[in-house]
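Consider the two complexes below, in which chain A is the common component and chain B and chain C are the respective partners.
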Partner chain A sequence: MSAAGPPRGANHAPSGGVGVPSSAGEPILAVENLVTAFRTGGGWHPAVRDVSFAVQHNETLAIVGESGCGKSVTALSIMGLVPPANGRVAGGHIRFAGRDLAALGEEEMRKIRGDRISMIFQEPMTSLNPVLTIGFQVAEALQYHRDMGRREAAAAALELLDQVKIPSARQRFADYPHQFSGGMRQRVMIAMALACRPELLLADEPTTALDVTIQAEVLALLAELKAAYGMAMVFITHNLGVVASIADRVAAMYAGEIVEIAPVNELFARPTHPYTELLLRSIPRVDRDTVSLAAIAGQVPAIGAMPSGCRFAPRCPLREPVCTERDPPLVPLRDAPDHQVRCWLRAPPGGGGHA
Partner chain B sequence: MSGDTATVPIAPRGSSYALQQLTRAFSANATSWIGLVIFLLVVALALLAPLISPYDPLDQDILARLQGPSAAHWFGTDSYGRDILSRLLWGARLSLVISTVSILAAVVIGGAIGILAGYVGGRFDMVVMQAMDVLLSFPSLIMGLMVVAMLGASMGNLMIAIALTAIAPFARIARAPTILVKERDYIEACRALGYSDLRIMTIHILPNIVAEILVMASLWLATAIRIEASLSFIGLGVRPPTATWGGMIREGFENILDSVSLSIFPSLAILLVVFSLNMLGDGLRDAIDPKMRGGE
Partner chain C sequence: MPDSVLTVTGLRKFFTVTRGFPRARTVTVRALDGISFHVRDGEAFGLVGESGCGKSTAGRAALRLVEPDAGEIVFKGENVVTASGARLRELRRKLQIIFQDPYASLNPRRRIGKALIEPMRVHGIADAAECEARAHALLAEVGLPENAMVRYPHEFSGGQRQRIGIARSLTLEPELLVADEPVSALDVSIQAQILLLLQRLQERRRLAFIFISHDLGVVRYFCQRMAVMYLGRIVETGPIPAIFKEPLHPYTRMLRDASPVPDPQVKVLTLRIEGEVPSAVNPPPGCHFHTRCPRVMPVCREVYPEWRQMDDERGVACHLHTR
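Up next is the complex of A and B:
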């Protein structure tokens, strides 16, 4: 534990320190043309295709979409955790603080994971080791990445548990996960993920498994910690209500592609891609008399059976012949350059737009 | 948990929860208690051998050869006039040391192989486990013969032979739960925290499977005592005049027409220890039965 190695203090505050200092305005994370493929039935099929987005310091980008749209695969690709047996990042770049993660070896990637980029998962009930105490599991990341001694790490872990608002953290430090509720476990997961003060947090549906009141508490906690730590966050969810409360920008994904990306207010005010529009329309509202829920007909196409042309075309109410013939590009709207849409009809390349 | 911890509690390293659970389930089981008590009694007698044995185990008394039980020699004497009780007590030390050391070695080596194979998976797993199957195909006596033929008869080589026999079963018993545990979400979470494979295997997987290995170890301890006796019986074990249980049975066998006590008492001793360890192991196995851990 106490083996040599340079002392690591605030070596990655967003600006300066070891590594490539990132100048203001340069995004902390830039995903460029990411392709992640899986092997199914003998062939490689992209689960994520040509995905590009950037996340600025302190920014929260929400990725929304139905199950199976490639949201989680995108996050796993950034973490370098695509299962090597049947998956791989097949193309593109993942630039994080000036380095291309897609080109890094496993050993270098391991130093970044849990330290500079962290991830929290959907299932707090099963994401903690049942035979190790809460305190040990939170302290472990600090011991591992920061070469802290056990006492020092335990003290820091206790502080973290206080920060994520575990009641009487000192008494509960030596408790085991089964003595915690789901919401409390998710707080512990957050404490573990934030132990090393990462610059980027990937949150993969962190509130989906929690009941609604606990969801709100955990979201508030995440927002508070994000502000306190100055982290960037990629928040994956299918819950648009959550998006509205936490995100700065939103990317809607469908069948492995980003179909629309825009600042959150812009997206809610003016959903332009038919998929986003239908997604927003399908939110049940408490302030209206709803007899039936609006649903999008059909299903996300299987990974091995992608339609040609626009992937949403088979389910799209606006479908025209061009949609099934050629892939639409992701293009900015003419009057809003930070609002990009992938649709032949709503955002034709080289003009038009949805004014 | 304690109410008023004045200092920050130090994080435990590993398996305490699994062990807690094991002891809780274990304490409800009467048979395993009987087994444990008998076994500990034998261990105590073996440890106290220098103090309580009535004679030196190597002292010969040619005038008192092959006697039956008497007030002077409770269990009688052997063909050199040595006191059987004293030799049994001293022999217990050797039998216990040999079985414990060899099983410990098998647990460590076999357990490491099993966890590694289960964790890495794929072709590596296949090759390693096939090698284990090859090892498993040698009966313990044949393994003993081979080791002794190659290295010579000695206590150390006896332990090597027993350990070689037991490595493959421990590799199997460690591999199966490793394959289950490595797919759990918390192992994925460990990867997301950047932990090394070695750390994941030793700190996160091992404590989850340690109970299974312990149960197996208690059962194999009995087997090791049996193997030691068998190998000593056919003359592949510890050299005379040192007392071991298997060696004593062999000497008793040679003189069985003149005196039966030299055959009977060491056999009873082996029976008692094997029986107690099996009761202990069965109790432990019941304790980790999945239906007992349902509330996890």
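Up next is the complex of A and C:
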């Protein structure tokens, strides 16, 4: 029962350098020019606009941003779970293992969802069924996708619960969600998501509701399972500290667009978009004294009132006339092609990348 | 403590909860199991710990928003626990609170102006015109536009609502503010705005703070001293720089090392999975933390460690530090 491990220095996530798959080879997921729109106030407004990224096998891409920046909508679009009543994927492609998910019907999507792509959410209690035992809920995906019998699925589910380190899983197999603590529930949800050994896991703020010590446990568990299964992970969070500890690459989103994308070490060493840079300087750090805290004036624009030109321009201290006139493109830096930035001043198209 | 404005001694609060189905059981939650601390003049004192450790109850009990079962609270020489009537009202004016979710504490059908003016009227500090002028000045002080006076809570964003909550806590010109997770529900950029605002107010008005938070980074930035709580008890107190440099209690160390740092070069502590974390309903015998402690000794399972004051500033309850 003792918590152990050397403080600071133990590496639980392959980040940067080792463990990063080479960019060669077909990515498991390629999102191209995704547009997802919602109907508000009588018109359709894009919540996600022109979002493109790729994720390789065994790679963790973190999507980071503040509330309302479109990170969850991006994940729901990949899962085909955008609420049809007032939302739709309005453009672009979502290529998963070579197939375009955006073009698939619900029937086909159901075969993929929970089998080859899984998702875990922030609040496990709202995702778990309160009147079914956790054992049943973990086994369900196996019965549905793998045609297992009840006994066989139950045995496999028990093994999964052991793998996510539910203590005395056999005794707790028939317990209900309310009998578990928040951290344990999150582990049950991870077991459910990983039942069919998905090739891609979408994790939407999976540790945000947890205490820091429990968060550290769950992050370590996810990193361990990812390494064991070789799956790709899209990890959505607003916490740059969590990003630093789990990601291989990072995409920073603002107001529905990716404003910067880079390998994790590169992004933290050289944040280039003014938004990313300010965001990093606005976190009071636990490991050293923060002498001056940067605040970003104003707030994220509402979905129906997006400014023209660069969407960050109204809050940007570097703003120049060009910023409010034309949309900046996402372009690679001259000296680091895998580091892309959407900013007229810091990353002007056609070279002159900021160093 | 001579220079302290608020001194809390042996504060205790147990809640009785009946729950369960089909057979309900009555359990006792030992939310505060005898805690003592003091806050100095103009100082921000941090109360940190994970959910269920009793930090919010401690903040509320200090203002008697929940009645403590036992213990003593002295504010500037005056006994808060026994005060009643006009004396208590006067104390309440000097002790105010900021909540995590200001939206929940604002009447949705009442304009902001009225929410700001009402406390001043209740306490009879000024006439109508003077109240109005003060409300305008407060809005300006917390960085809200003039026209906020005539708008309703739903018209504001989360960060602006927290500014309203802060403005309202200042209406009676308090001397001590309890800030209960004031930035936890906010986005990072807004969190920084609010922290800077609170800091400015603290300097300008020479306010003392009890700053309750689970985020050690925020506490390190905002506070001068802190107390770490675990299952209803304080396990360590001391000045911020010293605690972060060399935590005495293994729980403080674990909290510090498990907090994520926005730097991929710094590796966060790897924690091994354990069983269910104990709660204040069933604190383990001996030291409450022994079930999770990496340095547990046999004595820890038997005896709760006595509080040891290491020097004027630092104290800890851990068998590693009993002589």
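The criterion applied here is as follows: the second predicted complex is superposed on the first by the 323 of 355 C-alpha atoms of A that agree within 3 Å, B and C clash if a C-alpha of one lies under 4 Å from a C-alpha of the other, contacts with A are read in each partner's own complex, and residues count from 1 in each chain.
One rule holds in what follows: contacts are C-beta pairs under 8 Å (C-beta built on N, C-alpha and C of every residue); 3 or more make two chains touch, one makes a residue touch a chain.
Because the structure is a prediction, the values reported are computed rather than measured.
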Quick one: classify A:Met119 as touching chain B (first), chain C (second), both or neither.
-> first
Could you say whether A:Val31 touches chain B, chain C, both of them, or neither, answering first, second, both or neither?
-> neither
Touching A:Ser245, do we find chain B (first), chain C (second), both, or neither?
-> second
Does the superposition put A:Thr133 against chain B (first), chain C (second), both, or neither?
-> first
Examine A:Asn265 and indicate which partner it touches, taking first as chain B and second as chain C; both and neither are also allowed.
-> second
Based on the superposed arrangement, let me know which partner A:Pro284 touches: chain B (first), chain C (second), both, or neither?
-> second
If you stack the two complexes on chain A, which partner ends up touching A:Met233: first (chain B), second (chain C), both, or neither?
-> neither
First, second, both or neither for A:Arg151, with chain B first and chain C second = first
Of the two partners chain B and chain C, indicate the one touching more residues belonging to chain A.
-> C
Do any residues of chain A touch both chain B and chain C, and if so, which are they?
-> none
How about chain A: which of its residues touch chain C in the complex?
-> 1-5, 7-12, 15-16, 66-67, 165, 167, 180-181, 183-184, 187, 211-217, 219-221, 238-245, 247, 264-265, 268, 278-280, 282-287, 289-290, 293-297, 299-300
Where on chain A does chain B make contact in their complex?
-> 79, 81, 85, 109-115, 118-119, 121, 123, 126-133, 135-136, 139-141, 144-145, 150-151, 153-155, 157-158, 170-176, 178, 189, 192-193
For the complex, which residues does chain C have touching chain A?
-> 50-51, 157, 159, 187-193, 195-196, 214-218, 220-222, 241, 244, 253-277, 291-294, 296
Which positions of chain B touch chain A when the two form their complex?
-> 1-3, 5, 8-15, 17-18, 122, 184-186, 188-196, 199, 203-204, 207-208, 296
